[in-house]
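Dropping the structure in here first, questions after.
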Amino acid sequence: MSDATPKKTALVVSAHSADFVWRAGGAIALHSRLGYQVHVVCLSFGERGESAKLWRKGEMTEQRVKASRREEAQAAAEILGASIEFFDLGDYPLRADKEALFRLADVFRQVQPHFVLTHSLKDPYNYDHPLATHLTQEARIIAQAEGYRPGEPIVGAPPVYLFEPHQPEQCEWKPDVLLDITEVWDKKYRAIQCMAGQEHLWEYYTRVAQQRGVQAKRNVGITSSKNIIYGEGYQSIFPRVTGELA
Amino acid sequence: MSDATPKKTALVVSAHSADFVWRAGGAIALHSRLGYQVHVVCLSFGERGESAKLWRKGEMTEQRVKASRREEAQAAAEILGASIEFFDLGDYPLRADKEALFRLADVFRQVQPHFVLTHSLKDPYNYDHPLATHLTQEARIIAQAEGYRPGEPIVGAPPVYLFEPHQPEQCEWKPDVLLDITEVWDKKYRAIQCMAGQEHLWEYYTRVAQQRGVQAKRNVGITSSKNIIYGEGYQSIFPRVTGELA
Amino acid sequence: MSDATPKKTALVVSAHSADFVWRAGGAIALHSRLGYQVHVVCLSFGERGESAKLWRKGEMTEQRVKASRREEAQAAAEILGASIEFFDLGDYPLRADKEALFRLADVFRQVQPHFVLTHSLKDPYNYDHPLATHLTQEARIIAQAEGYRPGEPIVGAPPVYLFEPHQPEQCEWKPDVLLDITEVWDKKYRAIQCMAGQEHLWEYYTRVAQQRGVQAKRNVGITSSKNIIYGEGYQSIFPRVTGELA
Amino acid sequence: MSDATPKKTALVVSAHSADFVWRAGGAIALHSRLGYQVHVVCLSFGERGESAKLWRKGEMTEQRVKASRREEAQAAAEILGASIEFFDLGDYPLRADKEALFRLADVFRQVQPHFVLTHSLKDPYNYDHPLATHLTQEARIIAQAEGYRPGEPIVGAPPVYLFEPHQPEQCEWKPDVLLDITEVWDKKYRAIQCMAGQEHLWEYYTRVAQQRGVQAKRNVGITSSKNIIYGEGYQSIFPRVTGELA
Amino acid sequence: MSDATPKKTALVVSAHSADFVWRAGGAIALHSRLGYQVHVVCLSFGERGESAKLWRKGEMTEQRVKASRREEAQAAAEILGASIEFFDLGDYPLRADKEALFRLADVFRQVQPHFVLTHSLKDPYNYDHPLATHLTQEARIIAQAEGYRPGEPIVGAPPVYLFEPHQPEQCEWKPDVLLDITEVWDKKYRAIQCMAGQEHLWEYYTRVAQQRGVQAKRNVGITSSKNIIYGEGYQSIFPRVTGELA
Amino acid sequence: MSDATPKKTALVVSAHSADFVWRAGGAIALHSRLGYQVHVVCLSFGERGESAKLWRKGEMTEQRVKASRREEAQAAAEILGASIEFFDLGDYPLRADKEALFRLADVFRQVQPHFVLTHSLKDPYNYDHPLATHLTQEARIIAQAEGYRPGEPIVGAPPVYLFEPHQPEQCEWKPDVLLDITEVWDKKYRAIQCMAGQEHLWEYYTRVAQQRGVQAKRNVGITSSKNIIYGEGYQSIFPRVTGELA
């Protein structure tokens, strides 16, 4: 690739440090393989709400939980082929002030993503998730504004895809994109295995991938030659602009 | 193109004989240019409900209205580069029995479409439109069934896109695809002009195309080099299966 | 009123012969007082599904139930100031073929209504109600078509208001119009009392009117001088066209 | 059980002859164990649309497909502990006239069900499914009417639960009840294995049961002592009447 | 009751000090009678927004209004059999910072509720109500987290029921549970009468109870022997986990 | 006008200083002509997010952008016949604390509006817009409370109409009122031309007005004598209280 061809990029915003693995690990590995630079922002470590196994070990402090979660997330990101950074905003509850918003807008400006992945719009089981979504959406809007840090290159209108929540129907999440992740499934499953503290979810998310794989095959049509086994579902926020249907 | 490469195809189901022009003329012309064989089925001529100007001429009969509408539609299809056929099921109200359903399923089998265009799911101003949609959806399902005319090649799972109704919000229609039809706009407008009986709609649908064009440009992003001026909006029924986001 | 000023008119389509009383009796009485000619079409007598008390009397036949229901409905219509006719299409299930559809379209043409009242779009407790709604909507559309009985005067675009079902939230019915029926409440209650076979509903619908009255007062504002005690709720199908807000 | 204590009963309406197994096999086995008499009505055999493997065998006729499907369904019902009957209305498309409606209403009257299971309200992949739902709902309403076959005992207001479609989010189906079927899973899986013609679905529906099991556990709470492994999701149509929350 | 059988408990979160009476008084009295310990948290006194009659007395201050409202609420809680506490966060607008959130999470931890009652998700007439709902939901989530005050017993997944807002359809509130409160209606009405400042609402909420009573009876079925006269409607947030349908 | 007849008034709340022109300019000019005093509150100048052309000029500062935007907005308001004030809360992101909320509530108290215009409830392209809507709604509620600044005259329950966002379907905005602005279109277009920095939107919003005009004509009915050419669409929040339908 010559210098004249800028690399394609993607941005993933994860409320807690493991969310991007369960929910978007396939998309990350796949686009990394396709030559994208994928960058992950973890808003928190999920140190309070998603580290039950660690806390039950005893002799634990918030700092030690965070350190452990950071290591797991970094290992997973490396397997998937993504860079990663941590905002450490705290969880349960996650809260974001203007400073955090601008920090994320600045990441948008630096990354100039071709697409964005984040959480669902609603989740009655987890209030941090939709907060991450809304923060991402507002940061994207600010990064588009000429008057925010005038003179800097603004971002375009990258599509935003919402990844699958734990109980999709309860979150009013409906996938309109099914991504074939069959050829990178091994990587996703290796990344999942980095999450030592949440082993009870490994098989759950394997089955999610299998179900979305079967559904993807159904929506391609039975006469297709594609052999899809694993999939990930996404819900789009914005209309897709295209020059060809089908 | 060698025999080994079957042509790409598309199927358009139009409740009345002019609907496909206003609502999907751009998609038809564009895909025709891209090498698709596009086939249009008009379920009725719109002889009662969409031919007011003809009826006001006086000395008119249903047969003469139909003949006039057929000519207009054929002329438009020719400009757009599509083949066309007429089921002549009657309009206001359009009704379809099992025979009409099977006839349309047979068209699906013959055309083997890569995608399908039809009306919105609801329309409080026009009950023929959603009926056409549901007929199309059920015909597609039947054409997929091994047990319908066993031995014939079945169809796969072609995506179905719903074209824009006259008053989109009132029909609970929401576009998730914006198609850039800038380069075929001249053809669409020439096809529109075949509809001599509905001249009051020419400028209305020109403005629709301009508004969707501006919106498409907005959703591609302001840094895009694409110069989109005219667009058509579509709502998908099924999730899109893909190997790359963005 | 001189001949040059045509009377204002309204059309009410009721699935069963008592529905118009519980649900729209106030609107009918009020507009009758305002000088409207209000015409009621009862598609069935509700002879099977809404005449439990009559059937329990013993020695009953469908014809006797129908006769009794007809008398009650006529008495109620007279109190409310409306004309009434009966299509006698049968109930539980109500079914309408093309002939019934055209018959209702012809009523639209004759009445030329300034507004139309009918049932909610959904009702999981009663499948006849939404069927009546859809029949009304389609008949209205056909009556608007130049090509239906060419030469006859077509109808305009009268607004359609859906009256309140028995369990509003379960029917996804949401009122966007609250009609003050305080000054005709006595008439509505007298009409309600004609429904000897459904005495258990008298107080239920009195309370409905009181609740909608309180809500109407709330939405006018506490500084208003209007003393609203009884109300009826309606849901609009079409946008209202106006030259003044508020 | 003495005569004074009438048996509890349930009615399951299945569009095709295998649907009740994948979607409600757990509920049937569980309630059979709890002493309910469960009766299954198969509206069609799914001979056209859901018997692809049989048709591909060659030398097949519609009658032979039907016979094979009937045997499979009877074997499954026996394992689950339910009685079964077949309406043989045809599939792809399923259609029901008044006679079929009354036949199903008569089943309601005979069974006097304490609850009813059927399909989702929408399914863009399968038009037979929602048709079965609406037929069931209308038959239930007719069976409640005093004037339908006057003198016969009417039915009360049994709750209706919609079982899980193949692609739940695409069908706008949202479970509000999660049934613990852990203790009858072995029976459900044995019944599933009767469906020799659809072996590709065995593991799919095993995973569905596992996912709903995990979700059920989540909604009971992690401090619960219940060990739920397999579940089935249902969506209620009507509000539940109760004397105790929680 | 021996120590081995912990008492059942319930938590009610009320935006203003009277909301729990109008909307959930029946549920509180009923479960108190069933042996539950019911605890009510009033986030504010409703001193600004729901005390119009007090303010009109003249010579009034915010402190005097609060004191009066506190007395009324305590008297009502006593009649209903519940304990009560006041967060005094202010109303119109109600606002909650992290401290208030943790305070409520701590109440969840102390009460360990078997179910939770609070407001609707939306209310265009009252912004304090949905804020109370969201605070309750987030506090529940935090109380479930191992990492919040590690070492303390966490809470399970108690169901959350939303009580009826003043204008249900406008709040997009739909009841899926109808609670029979007939046998405790006298207590609820006595509690209602403690609200001297809002006498205009006494009859309104009596009628609400009667309407929900009639609807409950309808949904149980006419052959039921239950004589339901008064009811309360609730909307569930989470799916119900059960071992028996019907 | 004598003192005994208080003037009719209206309040328009605009997130940025140009929104009221594109979206509500017709309503403002029309009601000004009808004798209403219309007051516009601009929460911000849109200095960051909606002033791209100004920023591209170079040598620009936030203060100069604001000054330029203020001048444009004042000129437009003057043409439309409205008074205007600026809260200068900042944009991208717009944020409002309690002080801003009370300031807006005080404007409600001073203006005592007969109706209120503001933004849509959702807008994935612009987070400032829905924030303005919610601020407006909450300020309205506070201004209705007797206990807010006791002794001051409270406001009634003025209807709230939401004006059209840039991409209506994506914002889940559905117009239920179509306002005929034909006779004031020239004023609106002159006001639009004050927005020198956003010239690319002039023709876009001209076409919006033409499309809504055609739709308004359609909903009045083809037999109407009204010649509607330009329109504005609005979505109501609250039910309309009336004494006459149609």
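Letters are used for the chains, namely A, B, C, D, E and F, taken in the order the chains are written, and counting of residues starts over at 1 for each.
The rule is short, and it goes like this: contacts are C-beta pairs under 8 Å (C-beta built on N, C-alpha and C of every residue); 3 or more make two chains touch, one makes a residue touch a chain.
Note that the structure is predicted; figures quoted are calculated from it, not measured.
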>> Starting from the defined contact criterion, work out which chains touch chain D and chain F both, please.
In response: A, B, C, E
> Most remote chain relative to chain F, going by C-alpha centroids?
Replying inline: D
> chain A-chain E contact: same residues or different, taking over half shared as same?
Replying inline: different
>> Assuming a repeat means more than half of the contact pairs shared by residue number, which candidate in A-D, C-E or B-C repeats A-F?
In response: B-C
> Of all chains present, which has the mean Cα position farthest from that of chain A?
Replying inline: C
> CA centre of chain D versus CA centre of chain E: separation in Å?
Replying inline: 37
>> Which positions in chain B are in touch with at least two other chains?
In response: 125, 144, 170, 175, 215, 218, 233, 238-239
> Looking at which chains touch which, would you call it a line, ring, star, complete or other?
Replying inline: other
> What are the touching chain pairs in this one?
Replying inline: A-B, A-D, A-E, A-F, B-C, B-D, B-F, C-D, C-E, C-F, D-E, E-F
> Which positions of chain B touch chain D when the two form their complex?
Replying inline: 98, 101, 134, 137-138, 141-142, 144-148, 150, 237-239
>> For the complex, give me every residue of chain F touching chain B.
In response: 125, 166-170, 172-175, 204, 207-208, 210-211, 214-215, 218, 233
> Okay, in this complex, where on chain E does chain D touch?
Replying inline: 8, 10, 27, 30-31, 34, 114-115, 117, 144, 153-159, 161, 175-180, 215-216, 218-224, 228, 233-234, 236, 238-246
> So in the complex, which bits of chain C are touching chain D?
Replying inline: 47-49, 51-52, 55-56, 60, 62, 65, 92-93, 95, 124-127, 170
